[in-house]
Every structure is written in C-alpha cells, then in structure tokens.
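What follows is a set of structures for review.
Two complexes, one shared chain (chain A), two partners (chain B, chain C).
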Partner chain A sequence: MIRRVALVAFASVVLLFYIPFLALGYYVTGGGELKMPSLSMVTTTFLLAALTAVVSIAVAYPAAYYLAKRGSELEFALVTAPLWVGTLLKAYSLLVLFAIVKERTGLALWGTAAGVLLGMVYEYVPYALLTLYAAIEKLSESPVNAARVLGASRLQAFLRVELPLSMPGVAAAFILVFLFAMGEVIMPAVLGAWKVYTFGSYVWDLYFKARDFFSGSVLSLILAALSLLATYMVVRTIRSLSL
Partner chain B sequence: MGLSVELKDVAVKYGDFLALKNINLHVEAGEGLVLLGPSGSGKSTLLRAVAGLTPVASGRVYIGGNDVTYLPPDRRKISMLFQDLALFPHLNVFENVAFGLRLRHLPDEEVRKRVVWALELVRLDPAQFMSRRVHQLSGGQQQRVALARALVVEPEVLLLDEPFSHIDLDIKNRLLGELKILHNKLGFTLIYVTHDRFEAVEIGDKVALMKAGEIVQVGKPVELYKRPKNRFVAEFFGEANIIPASLLGAGRGGYAVVRPEDVVIGNNPTYKFRGQVIDVTFLWHYLKVEIQSNGHIFKAYLDLETPISVGDAVDFGFDAKDVYLVEE
Partner chain C sequence: MTPLRIYTWVLIVALYVPIGLMVALSFNNSKLPYVWGGFTLRWYEALFGWGQAWQALLNSAVIALAVSFTATLLGIFMAYVLRQDKYIAVSQVAVVMPEVSEALAFAAVLWLVKTYAGIDLFGPVGVFLAHLAYTLPMAHVLLAPYVAYVSRSAVEAARILGASELRTMFSVVMPILMPAFVATFLIVFANSFDTYIKTAFTTSPGFVTAPILLWNYAARGRGDPTIYALATFMLIPSLVAAAIYFRAVKRYG
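Our next item is the complex of A and B:
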C-alpha cells in the first residue's frame, strides 16, 4: 500500500513538473543541445549539501535533546523562530552580518563556501531540530535507566543507548536537510555571490539567463535522481548502524 | 555475597506530592524482601530510591553499610529488572547481556565466557539465542534475557520491579521458582516489588506491606498473616473475615480478624452464628463458601467433601484462639 502511494507520488511529480518543461524546452530550442554541468560543480553541490546536513544535525541534536527532556514551550518556539522568516530575508540579513564580521575581524565570508555553508545551516537547523525532537521525545526512559544500573555513566548511557536508538531520527533529519540543500539556490546566489557555483544555481541560470529550458529541465531531473540515490545510500548506511 | 540495604527516614517528593514518607527499612545481606502494596503505594518509588534512579528528598540510603544517598546508580553495586524489561532493541541477545561487562572493559574472551554462563543460568541455550534480536523472542524469553543481563554483572543487590507482571501465569510461576533457586545459589540480596500477594510469598523471606507512601508492616509472611497490624494488612495479605469486635462481645471497639480456613461448620465453636449459604466455589483443594449472617458475608474454606450447597441454612463459627483483634 505505502509503496504504491510512494510510486504514484513520485510519478505525478515527474509528469506534472518535468515532462512539460522537457517538451517545451525541446520545442523552443529546436532540437536543443544538452549543456552538462562541470564535475567540480556537481562535487561542490554534493559536498555542500552533505556538510549542511551533517553540521545542521550536529547543531540541532543537543538542542533537540534538551527540548525533548526538559524544554519549555517558549524555548521550543524561540528555537524554531527562524522558520518564520523568509529565506531571502535571512540571506540578506546574513550579508549584513558578514559585512560587520569583515570590518571587525577582517574575516571574509561573503563569496566563500564557508559563508554559504553558514547560511544554509542557519536555514535548515530548525528542520533538523523538529525532526530530531520528534525522534528523541518518544524514546523511553527505561533503557537509559537499565544502562545506568548496569554501570553506565550518564555519558556512556547516552552514547551506547540513547544515541543509537535515536538514529532513525538522525536519518530522517539527514534526508530532509540534504534534499533541500541539494536544490538550494538562494544562499549560494546571495552569500556565494555566484562564486560558489552549485547545481541549483546552474539550473537557475539555464532557465532564467540562458533560457535553455531543455537543458534546465533535463538537469533538474538528473539532480532529482542523484539526490534520490544519495539519500537511499545514506539511509541504508545509517539504518545498518542502528536498528 | 550480598550486601545489606538500609533506609533511614527516607522521603521522596514528586513536586508537591510526597510519594514516600518516613521510610525505615533494613534488609539483611542475602535476604529476599518483597515490597507489596496496591498501585500508587510507593513501592516502585522505594525501589528506585534504592537504585538511585529517584533522588531522595531527605533521609539516608545505605548499601553494605556505606552511605550511597548521593551516589549515582552506576556506583551502587546493584542491578535491576524493570517492569517493561528495558532490553536494548538495537542490540542482539549477546550484546544485551554483555552490556554491563563491556562497561567494565573486560577482555572479549572473558565477556563471552560470562555471557554464556549467564544465559545458561537462566536456561537459554547460548548457541541458539546469542545472535537473535530481542524482538524475535517470546515474552518469557525476553524475561530470561533481562534476568541474565542483570545477573551477569554479579550484583550484590538485585532489584526487581514487577518483572513478571505481563506474562502467562505458568511461565511466571516457573520463572519465580528459578529466580528463587538463583537467589539461594548466588546469594545476592533481593528486593522484589509486586502488587500480587501470591508472588510475594513465593519469593520473599520477608514482606514489607506498603500503603500511601508508608510501610505499614514488615515481617515474615506468617507474621503478617497471623498477626496483621491493622485491617488493611489483614485484607491485603490473604483473605479474611473482618467483623466489628463488638459482635463477639470483645468490647473496646476495633475489629476481629478470622481467616476463612478457621471457620467451621457445626462442631460447637466458641463463637456461633447461623446463616445462609450464598455461594460455593470449587478451588482444587478446598471449597470456598460464602455465608450470609447478621448483615455480614463470611468466607469459609471447607473440606472438598463437605455436603453443602447454595441456599442451605447452616450453623457455623470459629474458636477464640483463631480470632485476632486489631485496633483499626
């Protein structure tokens, strides 16, 4: 049942969004020539997305853990507050922050991969946090207590019991953030100043600058396929580590 | 083997609620004590206070004579079996049992030897079960794994929080029997929480009966049974006929406790009643008979061959030596 639903959902996405563009693009360009992205661009995109997911999870995990164990509603609302602000607004506010940082410390973040990463982490931490919170919150106390009476310190009980048991949540958070980050356009554009050039930026340029709808739609399909493959592999790895 | 456990004036609070008040308890080294009581009486809280899982608001906890009141659970030389078992779902049977040993950084060979020993102790075939996932096991097998995991670290004190409450009666009885044998063999001190008096007498050298966060009476099962401190003990620890003492002409208020097996038909007992039989139940080695008389329902355990049936009018009663008076 669930498999059928998933297939239908995926097929409808492909049919509704990609095929028309593909056909339109082919017509407009009169047979068209596929302009492939460079390998370095693909690598940058993958690394950036993976790093964004990993850093977001690393930042969000302790916060989610705290909120799940003894956080108040107010703290919860405050931590997820960045979700209320639009991505573009966040990007430009970070730009201001980068300018201040540069003036005070001489550290240049605008136009660097680090700057883009920072922006993307800022953008996606709340998503990771919500996903991890849901996973940690439903963990039972008793395996931890069992570990404690068997001689585990608080830290050992966390590392050997709670962390492995929350791995499904980590996997879910990874998928969510990684997929968003793979298609990210705004942060690389604004914070990377087109110097950090990603797959998403390239597709954007193909559509809106080169008006090459054919290459643009084919490449978005390829991007979707690559993301799917990467997600599949990551989830399989994480699952084999825990449950 | 085994360490004594002692609680002095222990109180535990959950927010404003006083879950335990003024608990004083002494468990000898190697002794088996059962904490018995209705739900909400504080028996699990008391066990958690001994384990160090629940902080005490006041008072002291001693294990083996050492003050452990502020020691974390991992430094109390205890082991515990939880009501929901709390097996680690991400580990197989071997790693579940080995958990406590791994924390002690024992060499692999030693870990293996001890896990096999523990699994054999609880009658699980190591070869067959070691690599299974815990969710592939039956309820009884999971109980055994949990027990092996608790015993493999050779605890001085074993705490059990209603560990057998969710399994079939037959398996429960078998596990109780095995636990008792292990207790005798390994010599650890045992504290067992239950709300079931049948389990309590199965396992306990001593029983502490709790109510509303307090220990009402501690003693050998026979003491609680024959000399209950009050009505509550008499009713909770075995079946009892409890009637106002005035009914027997024993003046000064209070109640008289008479156990059903001491109620006789005819035979000229000291206290005589006449009543009507309202229920007769066959219970394997006796008949449980309920007799209505003077607005009270008396329970009597009678010989299986007793010629009695519902509706009969009978003379019955009990002897003065079988009456125990309680104040409240």
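Our next item is the complex of A and C:
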C-alpha cells in the first residue's frame, strides 16, 4: 500500500517533470528554421555565468570555512535563509538599491553587465556557500595537524593542505552556480533592462515574442543536456571527496 | 578566526541590506527611494485598495498551499519507500534542471494538449501542475536525509503488535517525520509562492499571481512604492518559512 503510493508519486515525477521534455523533442522533429543565438550573446552568457561562479565562490569561501570550523547555528541560519527568498524579489530589491547608488555616487548599475553580475552573485552566494561548507566540513583535522606539527604556519597549512583538499567542493560549487547562471532569466531581464542579453532571455523571447517552438526546443534541450552532464560531474566529484 | 568571523558577519549584513532597504522604503513618505520623507503607511493603504494585488496574492497563496500540501505528502511516501540512490538521483537531476528548459517543456506539453485534445490547461491548472512537477522531486530530495531517523525497530514493533502498514505509516513513521514534514512544507510553500518563470510559461492572462504582478513592474523599472509594499508582503512566507524551518530541523539534533 505504502509502496504503491510512493510509486504513484514517483511516476508523477517522471510524468510531470520528464515527459514534457519529450514534447520538446516532438517540436524538434517537427522541424523548422533554427534561429541560432548570436555568438556575442553566447559569449556574454558564458562569461557572465563563469564570472558569477568565480566571484560567488571567492566571496563564499572564507565564510564557508569559518562556518565549517567555528560557526554557530545562528550564523549558519542567517547565511542560508536568503535561499528562501525568491529571485524576483531579490532582483527587485537590487533595482531599488541601484537607484539609490546612482543618485548618491553617480555609478549606474542598472542596464549594465556589472549590475547583472552583482545580482547573480547576490543570488548564488548562498548556494556556493552551502556546497563549500559541505565539502570543508567533511575534511579531517589530522592532515592539518600533521602539517602544523611538521612546522607549517597556520597559513601554510591552509594553503598547502586544506585548500587543495577542499578543491572538489570548489569544483562542485563552480559547476552548480555556473549551470544555474547559464539558464538565468530574471536577473538579466530586471537588472540588465533587456540590454544585457543572455541565453535564458533568448529562450524566453523565442516563446513569448516569436512563438518559435522549434528553436526554443532545440536550445532548451541543449541547456538541459548540459545540465545533465554537469550534474553527473558534480556527483562524481562529490563521491571522490568521500574517498 | 576573528577576521573570518567579521568577514562572515559583513557578508550576512550584505545579504540582508537590499531586502531590508526595500522593506524600509515601503514605509517611506516619498516617491523617491533616495529621499527619506518620514514614516508613512500610505503605500500600504494604496495596496489594500488595489484589488488586483489582493487577487494576485490570494491566487499565489492558494496555488502554493495546494502545491506544498500535495508535494510534501507524496514526498514523504517517496522518501520513506524509495531510498535507493537511483531514485534520489532522478529527483536530484530534476532539482538542478535550468528553469527555462523545464518551463518551456511544460508549456510545450500544454500547447500540445490544447492543439490536439482541445483542452486549454493554461491558467490555474497549468500553474498547479507545473509547480507540482518541480516541487515533488524537491520534496523528495529534502526529505530523503530524514527517513534515517525512523528506526527499523520502531516500525517492526508496531507491525508485530498488529498495526497495519498504513496505520504504522500514520502512527509511527509520520510523527517521527513531522518536523521534517513541516520544514519541507514551508520551503515548498515559500518557493511556489515566489516562483516566477514556471508560472509565466503556464498561466493565462486571466490568472495573475503575485510574482507575475511584480514582474510587470520590475521588468520596466521601479514603479512606485506601492510595489515595495507588495514585495514586502511577498516576503512574509519566506521569512516565516526560514524562522520555523531551523527550529523544526533542530529537533533531529
């Protein structure tokens, strides 16, 4: 009985989540003229996603390290709570902040790539932090202690022992954030004012403006395939972590 | 460790500044965000008088409630029975799938149903199904770690004492998983309430949810402070969820 309910639930995951991708396949086989995104847009998307991942990891790493070693429950809760807030709300609050920044300092962030980058970092820092935290927390203390006993300074022990050991976590965080950022629609649309055009916005426009299911389906499937590949890589790096 | 601690706190503050600022400005008696015109509730009065906003908040709440209840309840069964890695992996992949791909796929299905079966599901039904599609695997993944707290001996004891399988589920397993159920319910609720992309692809012009309404303004610029008040209202589920979540999860120690 319980098993049956569980299997029905599982079947609905497959039915509701995975079967729709077959509908994309249907539109792909239907054929049509493929409107490929321009190269500059693909480059923008890649650069923006890669930068988002690098900056998020750089910002999150020290905090993740601290939380994994000495952090209190409250600090951990405060850092992860922003995950509960929707992307659109975050984008909108940054829009307001950007208006204030512009008035006070003359620095225009709205409609620029820097503004979009800032928004995406704001959104993905907690994701990067959680991934890094999970990796750093699992590290054993003994290699560091060994390094310290053998005369390494605290900094040396960190740079030459702990940092390399936490690299699989860094890789996992990079792939995760990069992937989310690749398909991002809201931040470029709201903070980029449609001037910073990315892959996500393109798929969006293909559906809402051009009603071009063929091109949209092809690009969505490419994005989905990339995501599958990346997930597989994350799972593999995290497994190798526990070895 | 002290510098790292200070750094962490600076980061925490930075994470809350934009949202906090927006909330503060929803009480600002000036249309300009960089001028503080004193405390006022007039934007909230405007919001209360704005029928469309209420309808949108209500629509979002109803969808989120239905979605979170269904997804969490089914998720418990899934997490309890389907513990093997292969099942969790299926849900895991769904969780990290890029939103646009997923939303377009769902819209494609709804189009096919509309074209070939003549049934137009765009609107509340489409939104409900699209939200269920992504929250079900999410609930599964979130609940999976907690089923380890249901000990085999407790379940076997109940069975030996004559409880049926279903009775065991409701009287033994469910109470142990209750805090996890509450936590997951809240996360799913906040998520469904706030989500924009999946809703946009599956709704009809007649069914407006709170994020859709906010987007209509946000994609064009700031709008007036009534929108800040709307956004502040939309924060409530997330804040409540976050506050209760940590307490609920703590019970597993």
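The rule we apply is simple: the second predicted complex is superposed on the first by the 191 of 243 C-alpha atoms of A that agree within 3 Å, B and C clash if a C-alpha of one lies under 4 Å from a C-alpha of the other, contacts with A are read in each partner's own complex, and residues count from 1 in each chain.
Methods note: a contact is a pair of C-beta atoms (placed from the backbone, for glycine too) under 8 Å apart; a residue touches a chain by one contact, two chains touch by 3 or more.
These numbers come from a predicted model, not from an experiment.
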Which superposed partner A:221 touches (first chain B, second chain C, both, neither): second
Chain touching more of chain A, residue-wise (chain B, chain C): C
Which of chain B and chain C A:100 touches, first, second, both or neither: second
Contacts of A:12 with chain B and chain C, given as first, second, both or neither: second
First, second, both or neither for A:155, with chain B first and chain C second: neither
First (chain B), second (chain C), both or neither touched by A:3: second
First (chain B), second (chain C), both or neither touched by A:165: first
Touching partner for A:147 - first (chain B), second (chain C), both, neither: first
Touching both chain B and chain C, residues of chain A: none
Footprint of chain C on chain A - complex, ascending: 1-3, 5-10, 12-14, 16-21, 23-24, 26-27, 59-60, 62-63, 65-67, 69-71, 73, 75, 77-79, 81-82, 84-97, 99-100, 103-104, 122, 125-126, 176, 179-180, 182-183, 185-186, 189-190, 193-194, 200, 203-204, 207-208, 213, 216-217, 220-221, 223-224, 227-228, 230-231, 235
Footprint of chain A on chain B - complex, ascending: 51-53, 72-74, 76, 78-80, 82, 84, 86-90, 99-100, 103-104, 149-150, 153, 159
Of all residues in chain C, those that touch chain A in their complex: 1, 4-5, 7-9, 11-12, 15-19, 21-22, 25, 32-34, 74-75, 77-78, 80-82, 87, 89-94, 96-102, 104-109, 111-112, 129, 132-134, 136-137, 140, 165-166, 169, 187, 190-191, 193-197, 200-201, 211, 214-215, 218-219, 221-222, 227-228, 231, 234-235, 238-239, 241-242, 245-246, 250
Chain B contact footprint on chain A (complex, rising order): 140, 142-143, 145-154, 156, 160-161, 164-165, 167, 242-243
